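Which chain is which? They are A, B, C, D and E, in the order written, and residues in each are numbered from 1.
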């Protein structure tokens, strides 16, 4: 596959599907679904190909593609991946592939439009992870955000109009703040070298004045922090999850939130000294995320809200890991991004599956569903245990690495973070007990378990991924590490003063 | 004194067309004047063609300047006018009488704008401005049977005249401070950068006077009412071409004539820009009428454009040009959709757009793309435009403005999304499809594709506008 | 006589004109006040022209007078059509569009 | 035979049952039983090898699981006598309990699920035992927790079972909180997590005393959770909601002992740790032992009584480790595994017969359930520590360690615990098997599938002490890794032996007096000591304290307050508030566009004035 | 001498301007405006621009004011029909105007001519009219043409806005 623009192909597969879908009649449901499945499976296969084709020994950015786009401004369509991005691409392709199947089951009206928006969204996400150009990075990001508006607004559940508006506005606000920071870097680097370019590879070679780096990191941090979501800018996220249809929640929590963390990683890469200066702050806020998010999750009765807040809690671990700026912590953070993406996708697909039948997500409305829905119960339990960091599932390794990494830099933070796993276990197990355990109720007799292939496939895929990574994390960590080491070295090499 | 009439051929073509339309009235019978519109369009196209490879230089005694900047904006005006004429054709049945004169006034207004773009002197600028203004006063009040139209016309006239008074008062002081009215002479006089009290007065009042044309604070007050009340094609004309005309003279005055005293006015323009951003966007939020909403949003847009002016750089100038193009396309597409919708439903209220996506996907998607482009969502043209403006602001270190701009961009997304919400998320009251005739369909498609293309592949246009900006700056210094 | 005298006179007339626009309810008088404004500007232009010993100002005045006349013509026409449609020229009653 | 098969077989069994043979109950159970028996078969040669060469060289195999700069984690096996002993216990007792379960669980709805979970448990438990590093230990440590959770929650439709499962997991998590931190501390102190490597670094004196103390206490936290030591003991009695074989295997013989095993495994750490840390461990064990023995009196549920006795025994083991008698602790662990599994299985057999857990609804079962009763009595005697049953030797060793190391108070506590144990075990025997008949229906002896394991276990309960009898070679102590001073030898202390034996006999006598002879009216006793009795029934209010003060009082309140902050302050006040404020500002601003032309003009002129003033001032 | 004239003209102009703004009857206002405009013409003469003065009188007094009076008559506003002739925002309006006046006045009083002087001194201004006439058709041909267009449009606009029906064109057939 030498010379084949594999990254572009990953991004374009869903886009081409969108174009094809535009010309397909709305009533040809089977065809529409097939197109969606085919396009996402192309992306899936290609991203898995990347996973194995990426030369770990070589490291750095590979599969680079570059086309001049706006010459006068130094913007180019510049793609390339390092270990971190490959992991994220794989995550995205898995989540969207399963998401297509979840929508297959869950979405009953305006199917064509739904898939169009869904595929647009995912093309944007792929683009973000593959971009090496700051402007394209941003453009793809927004491309991922816009479809959220109709996706939640049309196919969402309660309170969807409020939620989708809030979400869109927040995400855009964050993005624009980040854009200001990126622009500033663009001009500063241009002034320094005389060549104005948005090329991150080129910019990462430069070193800026440390005072400037400190200043410019802040808008980037806030901008991407909103997406993470960094407390106290997190409130868009749980309600967004809650209102969104399953597949969208999956993508939202599984992938979109990772964009923020990924953005922060990129910011660390561009302005290492700024990162070094602000990282203690990030760690502090991460702690708030972890503890506060966990506590709020514990007080929630609505399952989606619970998972939503738990996501913000978990993203706190990611941030804490990044804030450590050591190999172990950052590796852990990136792996956790992956693991949490899969786990939370599983969570939302399951909750959506139950909600679509029961029309409630309140834990107190349920009991004893394990009898009626054994498959769902098992899957949910796996999700819950993954979330609470049980070994054998991907999250454990990642969280452990974050703890180890964090303990070195911020021991107190690490202690609180470790305490967080108790909190997580509490609400996760409580939800299992409330929903799946205890006496079955007659009123839920009509619920059906996931029995067909299409219904089960997404759950099975996600669980398998969780387990495979959990059992043998090196499959990803070796890859991620190739991206993490240069990053950490770069940040640590810079000395403030 | 060279006359060099060749340079002004496009204007003559436009004026000629206007006169032809006027004269044709003597021979026309019946209600419809679509022929006049078509003639206007043909004339505009001819003028646009005549601009190709137009030599640059001064003409008509030296107060007329033809340069790349002028040519660019003239093309923009011509393009806008063509669409406005088309919108007027769709709208025509709402005009009770004097339809031919309507078209000819549009053409006259167009010629005025082209003159504005080519003005090299305060006198010619002022006179051209008034030419445009008078045409627009008449056009705004054109539907004398309609109470709102007349009210809009009167409000526009009184505020416009007041603003002109301020403007010309300010110009008199600039004249007093520099002893000349030609932009080049003023620039030469101010090269040293030293300022006098008269210049200060003149500068401040002139800048404020100029804000009327672009509807920014403090002379923004007319725009919501006029957008709402005047005939829709006129509102479209006001929102796009008239605003662009305002900015071309602002570019000429601020960035060439007054470039020497940049330090004096950057703060002033920043203030105006910030205030416009805040006022326009916040006040747009509670609006119920879509034309009014766009009127308020236009105030916000003026704020963005002024931000680029405040940046006072090549990049900022290029940004203004790009923004005007993207913005005009968005506005025109939206207004065409609004007119078609109004023809069918008789309402401009946002809530009446409920479920439009089910009734006419094309109208809905056109409004969706048009409005979101105005809001600055990527990958639409409006985003690249805003991006340029932020870039210009950040480059010059206008951080406070940039942050206000970002926050207000979010606010603008909010209110435009309210329209989108109504169209896409709300159920329709009735499900009858809204018919869109085939020419309109084509026009809407063109607008949508253009907006998308500007967002996805802005390269050629940016290269072009940056080149113009570069040339412009080179010529002024 | 210094230029300041003329400028102050011009400013006074300008202010009176503005006040008229702000205060009078009769649209026709509002238009008259606008004429006052243009006239005051003419004074200042002419004064500058005189004291600067340049002719541009004088020319400007000529154009300005013409422009003002044209505006008044249109203004009065609009006032007439306003009167026709509403039977009033009271500015305060023209507030069907607001907020 | 490859050692990895020990892990692979049970895991494969769990996976196969879950995915393939769930529908076929018999096949599922055979697979599961086959796996565990095969494991035992793998272990058996090692046992022989160990007896042949007590000081055998540890076998270590490993492959890299995770390797990033600065952190290398292996999945590895460490086979030395210590792990062989534990493997023996796990696979042997496990095999018996698997077989027993096939009878006991007969006809249950989730039969296959049960066996899948059992296999999962065996997998995890073996993982802990053969692990060669801290992180792998922790991994399997958590996995046994998972298996325990699943098995306690086996009857998930019962709210009490659901709650108990959750409680067990979370309480364990509290202990793990310390465990994880401990591992991290050790990792940073030594740069590795491999046991041997860590031991080497510690032996080289590279780790400061303070760090060692901290690390050992943190690691101990893990053991406190898993081995249900005070104050985290609360989950174990509730865990009896699970099926009885589970209680026998997990919550008596193996998993709860894993804490002790882990302490033994990381003995190098504790041996090097400052004395204060060891004191904490020892007293924790002592207090647990004594407290649990007391609490057993408050219970009427046969399984809970045994559960408290388990707690007490675990306390013993931990105490032994704490006073430096690691081998004593391990010895006790081994014997305990036999007799406690026996007791639980016996109890299961009784429950199987009577369909109740309440001992006051049994009585005079001896004639009906002869095999069960006899084996149960043997187990009880072992448990009480009557000469020459296995329990005697092991308990004696524990007490000797305490006594000889100078922990007189702990010794007294231990003896008193032995006395109490004797009393309630006597009570249990009398009330269950003798006295008047209180049962309903027609209890009959369990099928041979259940009784044979009982018999085999009872044999071991009786004779397992033989390896620990002083003078017998190879002695149990030889198997144990030795750290620091004086180990490997059994000091038989006649004073200790006599004291404890006397205490036990007094205990039996007292029990007999109260429950059989009725010389002392137990009701009267309860009335006279109503405060104490209430405290016993309510488990010293510890659960109550956790539930109302910690969980409802603090934990839930924090959650409530956080939610309050989230909903009212952040969302409603700050977020929606600012949105509202923006909207209202917009509404206010648009009021300036009043429709009044002259307001417009005024606004224009006012704007000019304001901006000019600002301009002039600036 | 000149000063006295200036003050007289200025005083009359200001008073008449005030009358325009304050008088109740539109006809009175219109006449006051005429007085004011004549004063301005006089000021032009003081500024040595007789041409401007003439234009002022011709266009303003002769044309514009007639237009005003005509409108007043057409709309039958011989007497003020609006009871409250002043707008309700009197106080803020006057306040703002006075402040603006003070601000700009203060600035003007501090300023002075700094720009280089042109060639048209007193002597040259004697031929003012001639020079203006020439430049209007040479240098200022562009604005001049535009202004002519402007007047044309004003004409069309006035017709369009005021005339109710299009007059039957002579060129059109009898039955339209």
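One rule holds for everything that comes next: a residue touches a chain if its C-beta (ideal position, glycine included) is under 8 Å from a C-beta of that chain, and two chains touch if they have at least 3 such contacts.
Predicted model, so just to flag it, every value in this text is computed and none were measured.
*Asks:* Which chains lie in contact with each of chain A and chain B?
*Replies:* Output, common partners of chain A and chain B: D.
*Asks:* Shortest hop count from chain B to chain E along touching chains?
*Replies:* The least step count works out to 1.
*Asks:* Please indicate which chain is farthest from chain C, where distance is taken between mean Cα coordinates of the chains.
*Replies:* D
*Asks:* Of every pair of chains, which is linked by the largest number of C-beta contacts?
*Replies:* Chains joined by the most C-beta contact pairs: C-E.
*Asks:* Using C-alpha centres only, name the chain that sits farthest from chain B.
*Replies:* It is D whose centre lies farthest from that of chain B.
*Asks:* Between chain A and chain D, what's the gap in Å when you average each chain's C-alpha atoms?
*Replies:* 37
*Asks:* Round to the nearest whole Å and give the separation of the Cα centres of chain B and chain D.
*Replies:* 77
*Asks:* I'd like the Å distance between the centres of chain B and chain C, where a centre is the mean of that chain's Cα atoms.
*Replies:* 26
*Asks:* In whole angstrom, what separates the CA-based centres of chain D and chain E?
*Replies:* Inter-chain centre distance comes to 100 Å.
*Asks:* For chain A, which residues are shared contacts with two or more other chains?
*Replies:* Chain A, residues with two or more chain partners: not present.
*Asks:* Enumerate the residues of chain C that touch no fewer than two other chains.
*Replies:* As it turns out, chain C has residues touching two or more other chains at 3, 17-18, 21-23, 25, 30-31, 52, 54, 59, 63, 67, 70-71, 74, 77-79, 81, 91-92, 94, 96-99.
*Asks:* Residues of chain E that touch two or more other chains: which are they?
*Replies:* Chain E, residues with two or more chain partners: 87, 89, 93, 96-97, 100, 104, 107-108, 111-113, 115, 117-118, 140, 143, 147, 150, 153-154, 157, 161.
*Asks:* Name the touching chain pairs, please: which are they?
*Replies:* Touching chain pairs, listed by label, are A-B, A-D, B-C, B-D, B-E, C-D, C-E, D-E.
*Asks:* Tell me, which parts of chain D touch chain B in their complex?
*Replies:* 582-583, 585-587, 589-590, 592-593, 595, 597, 599-601, 603-608, 610-612, 614-616, 618
*Asks:* How about chain D: which of its residues touch chain A in the complex?
*Replies:* 64-71, 135, 138-140, 142-143, 145-146, 149, 153, 156-159, 161-163, 165-166, 169-170, 173-174, 176-177, 180-181, 184-185, 187-188, 555-556, 558-563, 565-566, 570-571, 574-575
*Asks:* Residue numbers of chain B touching chain D in their complex, please.
*Replies:* Residues in contact with chain D: 154-155, 158-159, 162-163, 166, 200, 204-205, 208, 217-219, 221-222, 224-225, 267-268, 271-272, 275, 279, 281-287, 296, 411.
*Asks:* Can you list the chain B residues touching chain C in their complex?
*Replies:* Result: residues 122-123, 126-127, 130, 133-134, 137-138, 141, 144-148, 150-155, 157-158, 161-162, 164-165, 168-169, 171-173, 175-176, 179-181, 224-225, 228-229, 286, 292 of chain B touch chain C.
*Asks:* Quick one: in the complex, what on chain C touches chain E?
*Replies:* 1-9, 11-13, 15-20, 22-26, 28-29, 31-33, 35-36, 39, 42-43, 46-47, 49-55, 58-59, 61-63, 65-74, 76-81, 83, 89-92
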